[in-house]
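Residue numbering begins at 1 within each chain, and the chains themselves are lettered A, B, C and D in the order written.
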Amino acid sequence: MLSSVSQPGLENVATAAPAALRIYQLYVRGDDAFVEDHVSRAIANGYTAFCLTVDTAHYSRRERDIAKRFVRASRLRVSGSDFQMGLEWRTIKLIKDKYKIPLILKGIATAEDAAIALDHGVEWIYVSNHGGRQLDHGRGAMHVLPEIAAAVAGRAGIMIDGAFCRGTDIVKAIAMGANLVGLGRLQCWALAAAGEAGIVWMLELLEDEVIRCLGLLGVTNFAELDKSYLHAAMPTNPPSVFSAFPLLDIEPYRY
Amino acid sequence: MLSSVSQPGLENVATAAPAALRIYQLYVRGDDAFVEDHVSRAIANGYTAFCLTVDTAHYSRRERDIAKRFVRASRLRVSGSDFQMGLEWRTIKLIKDKYKIPLILKGIATAEDAAIALDHGVEWIYVSNHGGRQLDHGRGAMHVLPEIAAAVAGRAGIMIDGAFCRGTDIVKAIAMGANLVGLGRLQCWALAAAGEAGIVWMLELLEDEVIRCLGLLGVTNFAELDKSYLHAAMPTNPPSVFSAFPLLDIEPYRY
Amino acid sequence: MLSSVSQPGLENVATAAPAALRIYQLYVRGDDAFVEDHVSRAIANGYTAFCLTVDTAHYSRRERDIAKRFVRASRLRVSGSDFQMGLEWRTIKLIKDKYKIPLILKGIATAEDAAIALDHGVEWIYVSNHGGRQLDHGRGAMHVLPEIAAAVAGRAGIMIDGAFCRGTDIVKAIAMGANLVGLGRLQCWALAAAGEAGIVWMLELLEDEVIRCLGLLGVTNFAELDKSYLHAAMPTNPPSVFSAFPLLDIEPYRY
Amino acid sequence: MLSSVSQPGLENVATAAPAALRIYQLYVRGDDAFVEDHVSRAIANGYTAFCLTVDTAHYSRRERDIAKRFVRASRLRVSGSDFQMGLEWRTIKLIKDKYKIPLILKGIATAEDAAIALDHGVEWIYVSNHGGRQLDHGRGAMHVLPEIAAAVAGRAGIMIDGAFCRGTDIVKAIAMGANLVGLGRLQCWALAAAGEAGIVWMLELLEDEVIRCLGLLGVTNFAELDKSYLHAAMPTNPPSVFSAFPLLDIEPYRY
């Protein structure tokens, strides 16, 4: 999945990886013509699906960045935020009426929005809280997945992302109703650790973990899973006052 | 909101800020004449509303003060505590029968008391546990808000205070049924950090946080919020044996 | 309350404090004649009530003592443990049939046992887990109080003990249905801190805390309290692997 | 209980301890002839029961071993894993149809599997999560015991293992419906601490703890226990991010 704020851009990625399953993810920073231009180019360049980002009406206050007076280079050239802020269901309808490419809405966080998306013929619901970086005290993707899976009831595909680091994490999401699991940070870590070989190794580890987990659950494929394989558990990493500032060292802390 | 134990007093504040929305908050430390005198002066000086403090039948044991042999200067000149201790609904009736100024009861902590206040024609229920300083192991204002909001059911306004530090905290209270959120310590911190400019900056930060939070929740104003936007969560700051003594350093502690 | 393993014994305490409300608490370490002898002497010496200890079928493994090879002096002269182990409702019936002194059973921990005690005409149910020293992972006295209070339903008095250290702790027990709260360690601490004057001071502090708490709850006496004044809360002191060994310093510990 | 990967093997153990209650536990690493060979030899050598291991379709990722590049000697000579992976109910039927020795299935973790086992005439359900080493985030044996005990409803015996270290732990499992409790690590610890005498001492301690616990619960034998003697409690050892790596020292950790 290639976002519209990622390099080297829609066409270059298509040229470099023509046979790959490619999804183009748009941040709407322009008018209808802007949106249509991107949809058309995604279709023309053989993208499998088109994804609209719907959870960025505002750029969040990122306090670690603020504390360090750090501004991401990509933020300096942002324009068209008003279009993102004013994004409405009208745009989804526009795309569905005029284009024939599977549409994904990324950032769905409630059963209610999933239902409206279904009413608009959206093919994929992408459950995400944007890596936890957008809404202070928002719910985790895995927390909202059950109610969204119940609302979708098989009428659309469900993608999910948010801190998936293990093959067993993936198994849990699939058992809870997801069809696809997105990885972000994990790829960066693998790249940082060992470059391209790191990515391959990371994927092999995930595959190995998935296979062992499925086998030990007594199933031979994802399709046999359902939520009866899951049980609520207490968190291994409870939230704390300083969760948002893992590098901050304030000792002793008591309150 | 100006309390009767704050300086520079009812008239001076009115003179200094004639156009401001001002609320006068009384600690009842005298008889009916004492109460009527304050209500009359509040009306005469253009206060928007009159607030009775109803959660101070006793001054609490403040053990950090006791441990340091510290007595607040304002405590030295306290008189009339018996009136505060004996405060009854009769006084509320007296004010409502005789004066035409919106009445606020500050320190309501149960649905039962909110209902009695409504029966007396009180216009505003002020949910507060007095900054957590009054009743050992009392419930937090946000804990009691849901049952009080249900009891009030729109028949009075609801104010709340208690540890509100973020724009998102304010959004949560509004979504749960409050109409106004009171800030106390936050103003002191801002003043201590940067004086008058600090207050302005603090308010700007709150506004920014509120706007981003509303936008990311998918609403454009407070009125669209209701409690369906909230979900119970585990505390980020669980209580401990030493919660009341944050500066106490006893290590190691195990029990 | 004077236990049969305490000094200076039934008669000496009566002589020293003839006007005090005195309760005699028996560890049954002999046959029926042994029991009857103590009941008769308690009556003869003006004790207000007679208490049978019913939670010591075994002396518990006290591992801190074992680890230090410490044996309490009082344990060296223990005899008659078999009688304590074999204590049955028959003995309660024997006392009730033959003597006219209010009977207390100390160590009741279930609604079922409370009901049987009521059937035997017992006047006071003493809810206690023996300071947490008897049964590994037993429930706390405050945990079992609600179901016992419901079972007793006013047909007997309810005493309770177990870690009561604050006036507010006492208020909680009364609100939950207890009529009397027992103090043990608190008296030792007060004595150790300041001798007889420490006891007086401790009691004054408790009284002060109770009065402020009742006032801030909006009541003027214990009788106005009921369990609606209480709400379940998370523990301020969660159990840990080393709870039983507070002085043990094993760092770092992770599992 | 002697597993097929333990020394000195089926016949030698029988010779060394002819009068002992012996159970033979098979890891299925061969075809039907392999299984039948072991069952026959177990019967011929006077084993009381035969146990099939059913929770090892895969050898788990043991990351502490991986991190240390450690490979257990016994893993080097493993063959026939495919048979273990492909183990089906067919093999249970084969044994039950042809042999007359009580059959135990070790590693049952759901009521559903327990029910299928009962349908196959299995005499003992062995509830286990393999010491927590097999399935990442699997449920504990004590967590699944209630639903399995309900499903079994007395139609088969129930064994359980998993971190039982105290007599009181054993009492809890029996009260929850188990008939036998297995010990593994505890025997290794006792052996390491004091050899053969350590084992005897460990068993004496367990017996002492069981007897005191039963007595303090007011019962004189296991048969009087049922689940009404148990109450859900919060864990004394909550899981953490590093639970799997108790020796890892990463400080400070915050997230």
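To be clear about the criterion, contacts are C-beta pairs under 8 Å (C-beta built on N, C-alpha and C of every residue); 3 or more make two chains touch, one makes a residue touch a chain.
Worth saying up front: this structure is predicted, and the values here are computed from it rather than measured.
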| item | value |
| --- | --- |
| Intersection of the contact lists for subunit A and subunit D | none |
| Cα superposition angle of subunit A on its copy subunit B, in degrees to the nearest 5 | 90 |
| Same or different residue numbers at the subunit B/subunit C copy interface, by half rule | different |
| Approximate Å spacing (C-alpha centroids) for the pair subunit B, subunit C | 41 |
| Rounded Å distance between subunit A and subunit C, as computed from the means of their C-alpha atoms | 58 |
| Residues of subunit C whose C-beta touches two or more other chains | 240, 243 |
| Topology of the chain contact graph, where touching chains are joined (line, ring, star, complete, other) | ring |
| Chains touching one another, given as label pairs in label order | A-B, A-D, B-C, C-D |
| Of all residues in subunit A, those that touch subunit B in their complex | 55, 57-58, 60-61, 85, 113, 134-139, 143, 235, 238-241, 243, 252, 254-255 |
| Of all residues in subunit C, those that touch subunit B in their complex | 166, 168, 172, 208-209, 211-213, 215-218, 231, 233-234, 236-237, 240, 242-243, 245-249, 251 |
